[in-house]
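Shared chain: subunit A. Partners: subunit B in the first complex, subunit C in the second.
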Partner chain A sequence: MIIQQIISGLALGCVYGLIAIGFVLIFKTTAVINFAQGEIMMLGAFVAFTLITIFNVPFVLAFLLTPIICGGIGILLERVLIRPLVGEPVVSIIIVTIGMSITLRAFAGMIWSYDTLAFPLLFSEETIRISSFVIAPVDISIILVTLGLVILLFLFFKFTTLGISLQSLAQNPLASLLMGVSVKQGYSMTWAISAMVGAVAGMIIAPITFLSVNMGFLGLKAFPAAVIGGFNSIPGALVGGVIIGISENLAGIYLPPWVKDIFAYIVMMAVLMIRPEGIFGTHEQKKV
Partner chain B sequence: MDLRESYSQDIRIFDKFYKWGWIASLVAGIVVFCQIGGDYVAYMLNLIFINIIAAVGLNILSGFTGLISLGHAAFMAIGAYTSSILTVKLGVPFLLALPASGALTGLIGFVVGLPSLRLTGIYLALATMAFGFVTDEMILQWRSLTGGADGFAVIPPIIFGLTFDSYKKYFFITFISLAILLFMAKNMVRSSFGRTLMAIRDSETAAETMGINLGWYKAMAFTVSAIYAGLAGSLYAHFILFISVDNFTLFHSIGFIVMVVVGGLGSITGSVMGAIFITVLPEIISFTKDYLPAAVKTGYSLQAAVYGITLMLFVIYRPIGFYGFWVKIRNWWRTFPL
Partner chain C sequence: MPISGRVMPLLEVNNIETYYDSFIEAIRGISIEVKEGQIVTVLGSNGAGKTTLLRTISRVLNDDQPEKGTIEFMGKRIERTDPEKIVRLGISHVPEGRQLFPRLTVQENLRMGTYIRRKDHDLDSDYARVFGHFPVLKDKKSQRAETLSGGEQQMVAIGRALMSRPKLLLLDEPSLGLSPLIVDEIFRIIKKINEEGTAILLVEQNAHRALNVAAFGYVLENGRIVLSDTTKRLEEQEDVKEFYLGITKDGSIKGYKRYKRKKRWR
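Presenting the complex of A and B:
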């Protein structure tokens, strides 16, 4: 029982972690929290759903096309809404991303209606029995996809020129501009990658949570994940997500049922009180 | 002419005495408008006044002190439930329950504001958001006191034997509260307290160098802001006569931010205009609904889309909000022939 809860918590935590990685990517380069990350995840799920059920695109192809489409949306959002605000106070950019999330949810509601839809299943619903406990294949697929994506991101940031230039941008925009890195393009790419990660998160969580315009609220649970892991650490975001996912499920067993829904926020408030920079985050010294 | 020679001239609410006449006629105009208009007019005016109170409170926090709060609806919820429980369950008169709900909310606001010394920017936004969720969940679970998910039926206020049971009568309560609270807000921001908050907003380091106790003043900004939200919540509860957690969600917190931003950060007049605009906006939208295709008007999507787009456009193109327009028009009139 406990092990099953841990595994399903691990799967859910992976999704929280992926959304949190989206936050972290944007935060590292632009010091902005993107409140619309959950809505981009929702868009990813709906785009994949539309491709599969309406345009009859094969599953694997849809799985590859969706991140590309969402990456494009990410670039568009950055270009139109965020770029004019570079240099403005961070709070105003955060307010714009809040507006973005409201608007995206409203548009999605206009296009796909507010009904809850069932996402086509890639895996059978039969559970796998290993000795005494059962595992759902969906959970396994979520964990594997997350691991694969994180390794891909790691390789991208470690070995490709673009990845390294994005890293330099996060550390010092002026110096990297002088070294020939295009700051504007870099910001666009950051939004694109973050939107792609969000889209993948949406596609793998959709079979569990069903499709609905309001599934973006799941993104609100990813804030605690990012805070716990540290807002400027990519592995931290994943670890934070897993911690939230598992502890939430365990809280569902050992504590009164209603605690489960807000447990993530209680943990986040505790972390903010004790160590605001998170487990893996580095404390930024403010120079006067 | 407009040159100011002394401090008392500088902090005057209106530079010319005759402007009090304008205010008096405005007040008289609103009262007459409400009493001869239908119930709908009175309803809208009440709602606008309550939203103005909450928006002005949030502006003291966000516009004047530069701290963001995503949990303002929770403060309002605390005020609303405190006042309802006091009047319905304990039989406390409304005139006592209203300030009591403000006081309790202020106390909670002080506690929420304490960490704002360490948490800045985004972290504060997230902490206040978490506070909002936790408050809502606690209200839902504390069934014996709050009625939980069933909501809470509130009684209309009774003052000195008079029952304020219609929108037109209730108008006087919200209007007088609004007048007092606006006057207090104006006084706060033109006194040393307000200047302290603005100093913190503009540069924390410089403010601290000048001997300002950052932790205390940030917590006080939260307290004042929470008191306003709590009073607005209390007024809202006795106005709408039935409250549940659904009236105080994250979406409502964001709605107050929209009012403040659209009106203009750091301006009381701006918050008044922003609150009026955002409160009337859904009504304008519902008028246009007949001319729009069916797909656009499902659910709350149209209203939400207009909200979101307005918010983004204002932040990008008019960061100073309606107040900026107002100042422009005013200056244009002043220098008219030139």
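Presenting the complex of A and C:
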């Protein structure tokens, strides 16, 4: 029972982690917290749903196409709503992202209705029994996809010139400009990647949570995950997500039911009391 | 390229005026010239406008600056070119304070210098050239830039700028905050880079060394050019001697005395 809860918490935590990575990516380069990250995840789930059930796109192809489509949506959102505000106070841009999240939810409601829909399953709902405990294949799929995606992100940021240039933009925009990096393109690329990661999160969580325009509220738990991770580190965001996913599930067993939904914030405050900069956070020293 | 007996300037700055926040006039009508293969220096005390001049050329200030005047590079007007395109034209700017990417390694910092040439396959010779100039960096290439000493950081900044294979290098106070020995080395390399064919616009407060290495010089005060001449003749000017080289009329070296005094007090 406990092990099962830990594994399902781990899976849910991976999804929190992916949404949190979306927060972190945009925050690191643009200093904006994108509160629409959860809604972009929701869009990912609906886009995949539409491709599979309406256009009869094969599962695997739909899983590849969805992030590309959502990456495009990310670029569009940045271009239309965020770029005109570059140079304005960050707070105004953050408020725009809140407005963006409400609007995206309304759009999704208009297109796909406000009903809760079932997402087609790739894996059987049957659980696998290994000796004394049971594992749901869908949980394993979530964990594996997340691992794969995080490794891909690592390779991208560490070894491709484009990835390194996005890091450089986050670390020193003036110098990146002098290297010939277009700040506009960099911002737009950052939004694309973060939307792609969000889309993957939506596709892998939808089989568990079902489809609904309110799925994006998961983002509210991904936010403390990003904070726990230090808000500037991809592995940190993932670890933060996993910590919240697992501890929340365990709280569901041992504590009164109402605690579970706010447990993410309890964990966040506990971590911040011990390490104000988050687990993976560093005190930014402007030495160079 | 000699046109009617005259070497065409690589960079020609014509009467530019640059403002900050649309009312602070940092540059009040400056014209300078850098010829192909030349080292030109711009001297001036704090706040004279040296950094602003370089930033105006590389277009990293507000988009509407310079307010007035023209900048030509290889015969092409660039004063309204997008900042990220300047390096593609062949101008590489080593900014004041080095401005490295602190959490990237030395190698990755250098790699960022090749950003505009990222489809190029022959980068090995460029890394070899930089490591040839600065052998210390080779041993530290996997270290994060923020862990380097000030001198090493300056070397990375120069090396990174070289990776784009510039025709013109803009150097903003490369000697700032470095010990005399390291300054010697930096200036030796500056000379070598120039001998290999890169023109350099060198902004300095260390007038001694700058006049030594450059062929032509400008003296900037309050956003205006107050003197311009070959460095040989500038060195002979009384004002330059007194204010920038610290030599009084009787020939003693003020700066040196002050340095000795300071040392004794410590």
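Here are a few things to note about the model shown:
Operating definition for what follows: the second predicted complex is superposed on the first by the 276 of 288 C-alpha atoms of A that agree within 3 Å, B and C clash if a C-alpha of one lies under 4 Å from a C-alpha of the other, contacts with A are read in each partner's own complex, and residues count from 1 in each chain.
Simple rule for what comes next: a contact is a pair of C-beta atoms (placed from the backbone, for glycine too) under 8 Å apart; a residue touches a chain by one contact, two chains touch by 3 or more.
Keep in mind it's a predicted model, so treat the numbers as computed, not measured.
When the two structures are aligned on the shared chain, A:171 is found in touch with subunit C, with no touch to subunit B.
Of the two partner chains placed by the overlay, neither subunit B nor subunit C lies in contact with A:135. Judged by the touch definition given at the top, the superposed model places A:266 against subunit B, while subunit C stays out of reach. In the superposition on chain A, contact is made by A:161 with subunit C only, not with subunit B. Of the two partner chains placed around the shared chain by superposition, subunit B is the only one that A:91 touches, whereas subunit C remains out of contact. Applying the stated contact rule after C-alpha superposition, one finds that A:183 touches subunit C and leaves subunit B untouched. Across the two superposed structures, the residue set of subunit A contacted by subunit B and also by subunit C is 288.
In the complex of the two chains, the subunit A residues touching subunit B come out as 27, 33, 81, 84-85, 88, 90-92, 94-96, 98-107, 109-111, 113-114, 220, 223-224, 227, 231, 258, 261-262, 265-266, 268-269, 272-273, 276, 288.
Interface residues of subunit C, counted against subunit A in their complex, comprise 58, 60, 82-88, 92-93, 95, 98-104, 108, 111-116, 118, 145-146, 153, 160, 164. Interface residues of subunit B facing subunit A in the complex, by the touch rule stated above, are 62, 66, 68, 115, 118-119, 121-123, 125-127, 129-131, 133-134, 137, 140-141, 205, 250, 254, 257-258, 261, 295-296, 298-305, 307-312, 315-316, 319. Subunit A contributes residues 161, 164-165, 167-168, 171-172, 174-183, 285-288 to its touches with subunit C in the complex.
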